[in-house]
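Please go over the structures that come below.
Consider the two complexes below, in which chain A is the common component and chain B and chain C are the respective partners.
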Partner chain A sequence: MGTRTPLPILQGLLCEVAGGKLTVTGTDNEITVRTYLDVEVTEEGKTVIPAKLAADAVRKLPSGAVTISSSDTEVEITGNGPRFNLRAMAVDDYPQIAEPDTSQAVEVEGGMLTQALAQVGVAASTDDARPTLTGVMFEAEDDLLRLVATDAYRLAVKELPGVAGGTSKLVPYRALRELARTVGTGKMKVALGDREASFVTDDGRLTVRVIDSEFPKYRQLLPESHSNRLVVDKDSLLEAVGRAALVAEDHIPVRLAMQSGGVELSVIRQEVGEATELLEGDYSGEDMTIAFNTRYLTDGVSAVADDKVVIETSSPLEPSLLHGAENEDFRYLLMPVRL
Partner chain B sequence: MRIRVAECTVRYEGRLNAFLPMATRLVMVKADGCVAVHADGGAYKPLNWMNAPNTLTEDDDMWTVLNPKGEKLIIEFGEIHFETDLEMGEDPGLQKDGVELELQRLLAERPETFGVGMALIRREYPTPIGPVDLLCRDGDGTTVAIEIKRRGEIDGVEQLSRYLEFLNRDTRLAPVRGIFAAQEIKPQAKLLAADRGITTVEVDYDDLRGSDSEVMKLF
Partner chain C sequence: MDIPGILHADLDAFYAAVAVLEDPSLAGKPMAVGSGVVLSCTYEARAFGVAGGMRMVDARARCPQLIVVDGSFGAYSEYSKQVFSIFETYTPRIERISIDEGFLDVTGSVHLFGSPREIGAEIRKRVREETGLAVSVGASTRKFLSKIASQVAKPDGLIVVEPGDELAFLHPLDVSYLWGVGPVTKRKLTDLGINTIGDIAATNPDSLTTMLGRGASSHLYALANNQDPRPIERHRKAKSVGAQSAIRSQIRTLDEVVPILQRLTDRVAERLRAKDRTARTVTVRVRFGDLSSVTRSATMETPTSATGAIMDVATALLKKVVEEFPNHETSLIGISTSGLGVGEPMQLAMGVDAATTGGTPAELEYQSLDASVDELRRRFGRSVVTHGSDLLSSRTAFSDGLSDIMTLRDDGIPEALDGGPEYVTEEDVTQSG
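Here is the complex of A and B:
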């Protein structure tokens, strides 16, 4: 639903009851979510209820069955004693929402897609001044779907083999992050149209306007090979960066001195102090010190699914590549901070 | 600005007759003569109002507001809960979005962002329909009007087109060409700008600020 919208009706949820199902629709005019729920139907009909108030009211009811009934002007919500009478909004004012065209849709495992989106989504920008960077690029290849996101400081790429036949579109991550908790993680149809992207499951559907702009040409940024390679335990690295971040806050970079036998992490903050820690690992290449923004490094390492993470580097001024020791279907390209 | 919170009835006599029964309301009399009666709800629309110019006659607990068209607002007061009168001075107008204003300041300091030899004539150069963000002169001596937005959309191009139309009527400045600058410019806005002979430039706020100089970017 719309929280800051000039159309008050968008602060409502359209509730339709028919054929043993409750269909709830919310939209902010960019993202539309429709969900289904099996209910016991006494009488069919539809109404628009004030979203926030109704949701808060239902949440505060004692556990058990909830009954929602409506007249032209009022919606009554009851459950185990308490009763709310809310003023209904005008059904006729609610925007007409067309069914998405799923004839060209690709079917994917919803859980796999939402997990992949969470991996690349960390690299998407939240600055709406540059909408292109707030999206996840869905790139269809012959035999795989590639998801790419970047905020210009880092770039995340995830490949989903076996997902074929779609088109390429840029979809706002703001909408994609809602997929799991709105339409669920079951079998999902993904339809990427010229104007809209739709994600449809048995639990509901989410439709969002695609971003109409050119995604940065990222392929040339991904280097063929790096001269230095560090392999460390993912959890140990995350914990060590977390400790370093206590001193670093957000703006001081963490230095990684890579050497035979592992890596030394350090943060030096003149007015506060410093933190140093040696982490064991396998390193091949020249001794080198490189620095990263702690948050960007943490995001990338967390997104790697393997137990061991690989950091490949060429020089302290060139982007480093992070991926799992076993799997390279997820890659995270991270620009270092100049020391 | 005179503000009175009081019990009152309000009668409007003019194109139609309307009556507000006795209740607590806020009555504002602005320095320019506008009178507005507000209830305790709604962001901007008064229950009743009279635009300036008006004549306000005070007679004990009754105010009569009369405008030149003969429309009349009669406010009869009961208990007065609060009253104040203060000089508010001239309003500076609506401030631009912080980032947009900052972009304008940074680009005014670095007009060379728009090309070698570009020099600033002045910021907020006035035209009859409002000020254009930057007026510059390029290396060839041609006047350049620059409109800066955070997000470059069609309405920004339209706005710059209108400024250019007026600026080009000024023989001291003409010919004036336009540059539309924003952090990101929508394809439709680029197309419209190109069609009207306006150059589009995407600028990087972080680079201009220079505060992130040790933080490098991928592209």
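Here is the complex of A and C:
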């Protein structure tokens, strides 16, 4: 449903009842979502209902079955007593929405894909002025699918082995983050066309216009190797960074003094105070202090799926690489803050 | 060093002046604009004791031959717009207070247009020539003082209160010049024997408090001692660094100006680095052959002192001007950097696109190039490294433009004329590579 669209009809949801199913469609001209629901059909037909009002109305009804019926001009929503009569919108005004072409689609486990997207999505930019960076790159290789996102300050890469045969496209993360909520996490067909990307499950489908620009050549950004390696407990690190962030707010970096036996985190904020904390861990390499934006660091550490997280560094001015101690299918490259 | 960079510009008898412009037969006559109340009146009417805010009946009583026009011209906002667009060519930092007055912070424009006094004088001249209106200007380091200065300057005057001279300027003035002193307060003060602002400053604050209450008395006491209670950044250091160059021979296209801009940027960025400052905002000024001019500015995500990064922003701004004003000849070009800061932590960025600002590798490269250039110049003199485009232009028709760099200013202090063009041999340039 479009919230900022100039077309009023897009603030409605197209509801179609046929063959024992209710199909609900919403679109903002960029993203289109269609979901299916088994319903008890008394009469087939279709209408366009004002999305926000109808959803709020249903939410406020006492729990139990909801009946929706419509005439040409009105939609009536009832359930256990209360009754809403909403003005219907013109069905003919609703844009024609074509079925996506899924002939070339690749089948994936929806839960696995949405989880992977959440991991890399934190690195996608939300700055509309740099549209290329607001997408997640779907990169098809012979035997795997690679998902990549970057906002220039960090770069996240996730590899999904065994997902093969797709095409490579750049898909807005704004749409991808809605996948689990809209079409669920069951078996999913992924069709990446030249204009649109479609994600289809038994529960529904989401279609979004792909971003038509070249994704940064990110491979050259990933260093071959790092000289220093720190291994720490993920949750302990997250908590420590969280405590440091209390003092840091958004603009002050957290310093990580890496040394044998672990890492000392500190935040120095001239007019407010300091926070320091020693975290045990395994460190190999030269003693070195590197600083990061606390939010970027938290995003990366949180996205690592293992219990232990590895932070590889070369120098305080070069990108660090974060990944799990066991698995390197997810990697998070993070630019430091120069002090 | 502080400069009197806060200007208060106030159009003289604005409504009345516009009425006269619209109907020249009213010129030189006592005339008031308004219906029930005098909105504005000519100085001829003021001579009879007519004043703004007076009931029209009372005004007529004082001046029976008063001509009254109802103030329903649509022209006011047009004139106002025209005047403010003149202001805008001198600085983007304008606080419009009403249709006929505003504050202009020209601290960042002194490299581009000269001292606040020169800017004030030029504004007054241009407003007079282009609109026919008289504007009085006050300049000082503080808003309230500039506003008082413009009131004292009226009609049709300019008063600059230099730093250090504030109290000498303020103290002889009547208390009614102070913001917050209306007829009631003035009467109370007169009863206390307080007539001038200097009297307030010399009065025991406690006796003022007894008479006027705590809030009003501390307010007046602060103003009388030249302390503006409004929060204004204090201890201002250099707020901007800039340079400009007049071009004697008329260069036909703005594209040809780029090498000059490059050279000016080189200077400015070098000075930023010498002062250990970074800049966040870049302003470019272009003056055309007909002496009209435009300024454009851009603010960067992350501050920088890298010549290349500032140059990229400045060039983009210049390009915009070129697109907006094609085929204009250029008589002057200037660049100013402001929003100065000292080395804050910098979030580094990956080179994912063409951006050269904000910690990108391109910017870091510019920085390390700058460091080498600065070092070479420290050891061998400025002329040891220069831009390739300067070199090229010295061999082509462009050499004229370069030798025409006439003045370079830094922090408002005029420099001696630039020591002529800094041509270099190819050998010298290789050293920069």
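Going forward, the second predicted complex is superposed on the first by the 339 of 339 C-alpha atoms of A that agree within 3 Å, B and C clash if a C-alpha of one lies under 4 Å from a C-alpha of the other, contacts with A are read in each partner's own complex, and residues count from 1 in each chain.
As a convention for this text, a contact is a pair of C-beta atoms (placed from the backbone, for glycine too) under 8 Å apart; a residue touches a chain by one contact, two chains touch by 3 or more.
Given the structure is predicted, the values throughout are model-derived calculations rather than measurements.
Placing chain B and chain C on a common chain A by superposition gives a clash between them.
Of the two partner chains placed around the shared chain by superposition, neither chain B nor chain C is touched by A:Leu37. By the document's definition of touching, both partners, chain B and chain C, reach A:Val337.
Once the two complexes are laid over each other on the shared chain, residue contacts for A:Asp212 go to chain B alone; chain C is not touched. In the overlay built on the shared chain, the residue A:Ala129 is in contact with chain B alone; chain C does not reach it.
Of the two partner chains placed by superposition, only chain C is touched by A:Ile252; chain B is not. The superposed model built on chain A shows that, among 80-88, 116-124 or 188-196, the segment of chain B colliding with chain C is 116-124.
Looking at chain A, you'll find residues 130, 132, 150, 152-153, 155, 216, 218, 221, 253, 293, 317, 319, 333, 335-339 touch chain B in one structure and chain C in the other.
Residues of chain A that touch chain C in their complex: 130, 132-133, 150, 152-153, 155, 216, 218, 221, 251-253, 291, 293, 317, 319, 333, 335-339.
Residue ranges on chain B touching chain A, taken from their complex, read 99, 150-151, 183-184, 186-187, 205, 213-219. Put simply, chain C touches chain A in their complex at residues 345-353, 355, 359-360. Against chain B, the residues of chain A that register as touching in their complex are 128-132, 150, 152-155, 212-214, 216, 218, 221, 253, 293, 317, 319, 333, 335-339.
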